[in-house]
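A, B, C and D are the chain letters, set down in written order, and residue numbers restart from 1 in every chain.
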Amino acid sequence: MIIILQPHATPQSVEYRQLMDYLTNRPNIQTRVHQEVGALQTLTEIYLIGDTASLDQAEIEHQPGVERVVRVSEDYRILGCHQDDRRPTGFDYNGVLFSQNTLNVFAGLCAVDIPAHVEQMLKALRDNGQVCTRMGAYKPRTNPYSFQGHGKACLPWVFELAGKYGIKVIAMEIAHDSHLDEIREALEKTGKPTGVMLQIGTRNTQNFELLKIVGRQREFPVLLKRGFGITLEESLNAAEYLASAGNRNVVFGLRGMKTNMGDPHRNFVDFAQVPVVKRLTRMPVCIDPSHSVGTRERAPDGLLDVMHVTAQGVVAGANMILVDFHPHPTKALVDGPQALTLAELPWFLEDVAIARAAYEKRRLLAEREARKSDK
Amino acid sequence: MIIILQPHATPQSVEYRQLMDYLTNRPNIQTRVHQEVGALQTLTEIYLIGDTASLDQAEIEHQPGVERVVRVSEDYRILGCHQDDRRPTGFDYNGVLFSQNTLNVFAGLCAVDIPAHVEQMLKALRDNGQVCTRMGAYKPRTNPYSFQGHGKACLPWVFELAGKYGIKVIAMEIAHDSHLDEIREALEKTGKPTGVMLQIGTRNTQNFELLKIVGRQREFPVLLKRGFGITLEESLNAAEYLASAGNRNVVFGLRGMKTNMGDPHRNFVDFAQVPVVKRLTRMPVCIDPSHSVGTRERAPDGLLDVMHVTAQGVVAGANMILVDFHPHPTKALVDGPQALTLAELPWFLEDVAIARAAYEKRRLLAEREARKSDK
Amino acid sequence: MIIILQPHATPQSVEYRQLMDYLTNRPNIQTRVHQEVGALQTLTEIYLIGDTASLDQAEIEHQPGVERVVRVSEDYRILGCHQDDRRPTGFDYNGVLFSQNTLNVFAGLCAVDIPAHVEQMLKALRDNGQVCTRMGAYKPRTNPYSFQGHGKACLPWVFELAGKYGIKVIAMEIAHDSHLDEIREALEKTGKPTGVMLQIGTRNTQNFELLKIVGRQREFPVLLKRGFGITLEESLNAAEYLASAGNRNVVFGLRGMKTNMGDPHRNFVDFAQVPVVKRLTRMPVCIDPSHSVGTRERAPDGLLDVMHVTAQGVVAGANMILVDFHPHPTKALVDGPQALTLAELPWFLEDVAIARAAYEKRRLLAEREARKSDK
Amino acid sequence: MIIILQPHATPQSVEYRQLMDYLTNRPNIQTRVHQEVGALQTLTEIYLIGDTASLDQAEIEHQPGVERVVRVSEDYRILGCHQDDRRPTGFDYNGVLFSQNTLNVFAGLCAVDIPAHVEQMLKALRDNGQVCTRMGAYKPRTNPYSFQGHGKACLPWVFELAGKYGIKVIAMEIAHDSHLDEIREALEKTGKPTGVMLQIGTRNTQNFELLKIVGRQREFPVLLKRGFGITLEESLNAAEYLASAGNRNVVFGLRGMKTNMGDPHRNFVDFAQVPVVKRLTRMPVCIDPSHSVGTRERAPDGLLDVMHVTAQGVVAGANMILVDFHPHPTKALVDGPQALTLAELPWFLEDVAIARAAYEKRRLLAEREARKSDK
């Protein structure tokens, strides 16, 4: 059960203390307080754990300082979208809004290679009005003898270049807590010219120790990708590890499932789950068309499969797109064959805009229908 | 290797006989002639089987009566889309055009139950400008003790009602060659008030004996659904069974794959394969959102998952939609929980139209880009 | 609910008529009578369908002529192994016993090719004391342009050769009801020199129309293979189609599941399900190591993977083995690379015998333990 | 390419230096030296990386101090079993031998709970002649709100109890490098009364950063479990991460794949891969029947499925068994329903012994057959 307090009912207030006294007297109930600090006000929530079935919801709702009470289901206590749960979704990071209603494109390099390529990429993004990107410094690779990314060595110049071209958020995979420290340090040394969204890859979706450590910090938001051999429910539970450790600024990423039933695509595209994740949780949903498809194959209508599946995610309400571009795909150190070129960037963005406009139209139509059936 | 003849080079022509003489003299080559009778003209194609590697393509192209020569890859010889293969896709049936460029909606009952329901459904379709429907008379069910459909008993009145409401094509599953005979007979007895597209379900995708028998007739087009435990390639090979037996009027249907990785959807939606099938073959591609999703769950934006995945298929170029409706879903004998209601039909069609318009826009944009890069 | 009658309570007896009168007076109950004709006596069972929950089991058990009453669970009403179900498993066919306690090896040719090969195979079997074999006349192939088996043309000489070498049962796949007719006819024409177990392959596991037709005859027993894209439960339900149509002489075959998670084996070996099928149903369980593994790869201990997985099935109680041999694997028309050679036949049989002896020992040990814990 | 040196050719020897000089002069070749310190002698191997194709194998084999040269395939350079690779498999740890020819049973608690249970378990093991066990202190759980294991707090008393009952090796899962430090510290504080085999669970199979850190130490051997959504090849590549970082004392564990095709078992048992792993690599192979099956279901022959799949692994040559026992399964904090009881321990061990004896017999038979065909 979650008690959402009125804005003025801060932990310092009289109402808060009275409410806590009231709750302390209930048997077998523990409380846990979470504060979400926003630009204008701070939201306080009290999580009740234990024998909450015995509590009288209406009685609690009448306590002073209480705005609303939500009964949570067992799963995804914090990130879940519970019955009659009208709490807003999403968060603001470094001036960019992430929610179930927004759409952010993170085009960029799968793996950072040389400064010239990074700069060409970032310049193209700025010239096309983009403020987000993806840049991989740490690359978990199946084979231990493959290139594993430049690691912390490249962070300072990548961050500085990002700042130069007005990039607000870089999605960057980490695979160990030391990577988090290295990113934090490099950002501080360079004067925080940009922001970082920590990306947890599909191989680490159930690396719970990493999730707990990443969840304990609230400086960086987290993009958690779905694990490829597990059910959606298990991956959503992994996201809850981040939230239960303290960090709720989590985006959930779909990236395809590994099975030959999806051939000739590299993975079995799972973007039909976009509306499912939005129904079960309050997380914004990201799609990764590049790793799902894995090739530059093209349909007879001239559109690349990567663009088709992107449109599929967007037309169903996806909130973030992680997509591989490269100035010279043949020179890319990782996953070159699936990358789009810089010349294709404006086309890609326009294609996304068409799908997004269709989604908006569909949503308005659904609202109109809902009003009709309410009458 | 396929030799496509000029329209006038019919089997009765001099050119044809000369060409055949020429081919007969090539060692280890067998020929097989296929004629596609259209409204305005008849297209003749000669398939060469055997040691075609030794043939001189240019030399054949210079023979009189030859329009074009296409070297076929091993897979999907007839239905495949081979290199530099510019042959048109699709076919016309009972006044309705099916191709990789069209979109036809087949809304209807998963299983025929009572005449009143069928009539309500058909009337709603007519009132919404539809000329196609789905109506299941033969229902393969996992459990032998479940309702198996009304079978041939319902055919006459279903066909008559269809005629009454201007339905041109009914998609109807068959599971044995006797069903084909029953449908043909019922249509003849009722004076062919409508047309039938024979549907082969996912449990019979590799029922090759059925495919051969259905492929030997050319009266009815066929909708072949993807098999759920096999690769896409294997399902496309199954389609080729129909064509190799003589019937090329085949639509290929995606309907989701059976794996718990797709939970909570009933199946793992595979509509990302729409552009793949259009690239590998010349078949129009159908999507079945109802059986893929299997529920009426709704995203927070008010749209049903069934509508979201439909839009995903359409925005990527799907050519046919098979979708379950029912006047009273709770009274449906099969798959009621996933059916849309008649009140939702106009909404559904409008939602589809938005996604289709987006697809058209995306296609035009791709053409513009192609022209750009040609320059 | 199943009422098992005492041997003397035949449909002609007084007890039978009294019992039927009693049952007719129960509301909403339908009866269905099944007779299993054995060598010594005939077993009569009455299946009750409808509102059986309202029946008093003890009361029925006290009716004259009633031996025992078994409450069946919803699934696998006839073939299922229900609570306190002590009915014997298995059946006798042409002098060979098939049950959950026996083990029969069906070594033979995946596909019949030439008489010389068939005869060499059969001779080797006889010389090694075998009376069963596999011989494929109808071969469903993924690609329509592949060899599809010699079909009915080869049946007469195959049956005659089988008779010559003392073969009692040939497992032979059929894919259409016409194949059943052709086999019956060929057997009759040749004077029934051997017997046939009809095999339904994995592509037709849910070809329910074929199952119904095959189930309606009781001359030939049936080997139903598990379907590769469906759950075990769904495949067991398919077996129930055969039984509900009348034929209970069904062996259930495991043959691996199609997924790249089983690589480098051709399929993901599923023989861990042997004890599961024996627990859920009363069917003998067959394993097909050849199609599961698909290669002749060998472990460092010198044993072929095909032999290893065979031993795995047998040590857990498998009742039948379907395995590919060929006098000249490189000349085999289908699946040559996985076939064992005739020189390997004695080794294979000895290897199977070791695993079977281990199973018998394990079973005796389990019995001893059960007696211990009963005390 | 690997150069295996003669025992006397240590890095201090003249031959070694001569060889290194020789190699230094080859263009584009880097060397990496690995020493395996055994009880009687130290084995030195030189790994050549780079343009090894240009090297003359025979020439190198004739250099002084060289025992043998093995050309490695690209995959699993260190752990792989390459062509003509006759190097011994396995290793000795704390007096226990692990190889592709041995069999060690690790029965024990899935999760450590209270000292009384641990002691009862260990006493039962000692009384049955066992010197290995499994004891989980760190438990990665799908749900963040589930019990996560007692962690480092329980290590001292678990190690001391193990020592008291003569346990030589405890298999213990770790999920973060800090766990490795905690284990090392607790062992040192308690005077190393026992040994630990570090277990990497299926959720961390591709947690490459953890593998690198664990691979850098050579004090503890490692049991790496197969990842559940990835191919076998990818999991074997993960094992190579350990070896490439320096630790070759790796056992590879099969534990079933997550897919509903394996229902009603918890996972799809993959023990058919035992011979595959032994063919592709030089690692001993462990099976985990408890997590594969996940229940105590029993076949009609009285044997538990857990015992059946164990026998399947063993009869095909498995080298290690990880199996859950508990003195009071209903009181177990994790996975109680699948645990065997202490009363079942002697039965289980006897059942394993039967399967192992069968394997040994099969191996001898294979050797006899090999000799036959050599003649």
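Quick note on the criterion: a contact is a pair of C-beta atoms (placed from the backbone, for glycine too) under 8 Å apart; a residue touches a chain by one contact, two chains touch by 3 or more.
Keep in mind that what you see is a predicted model, and the values were worked out from it rather than measured.
For the pairs B-C and A-B, the larger set of C-beta contacts lies at A-B.
Of all chains, C has its CA centroid at the greatest distance from the CA centroid of chain A.
Centre-to-centre separation of chain B and chain D, using mean CA positions: 52 Å. Chain centres here are Cα means. That of chain A falls 38 Å from that of chain B.
Chain B and chain C have centres, each the mean of its CA atoms, that are 37 Å apart.
Counting partner chains per residue, chain D has residues 231, 257, 259-261 touching two or more of them. The part of chain C that touches chain B in the complex is made up of residues 75, 77, 140-145, 148, 175-176, 178, 203-204, 206-210, 227-231, 234, 237-238, 240-241, 244-245, 257-258. Put simply, chain D touches chain B in their complex at residues 259-261.
Touching chain D in their complex are the following residues of chain C: 81, 100, 231-233, 257, 259-265, 268-276, 278-279, 292-293, 297-303, 305, 307-309, 311-313, 315-317, 343, 347, 350-351, 354-355, 357-358, 361-363, 365-367, 369-370, 373.
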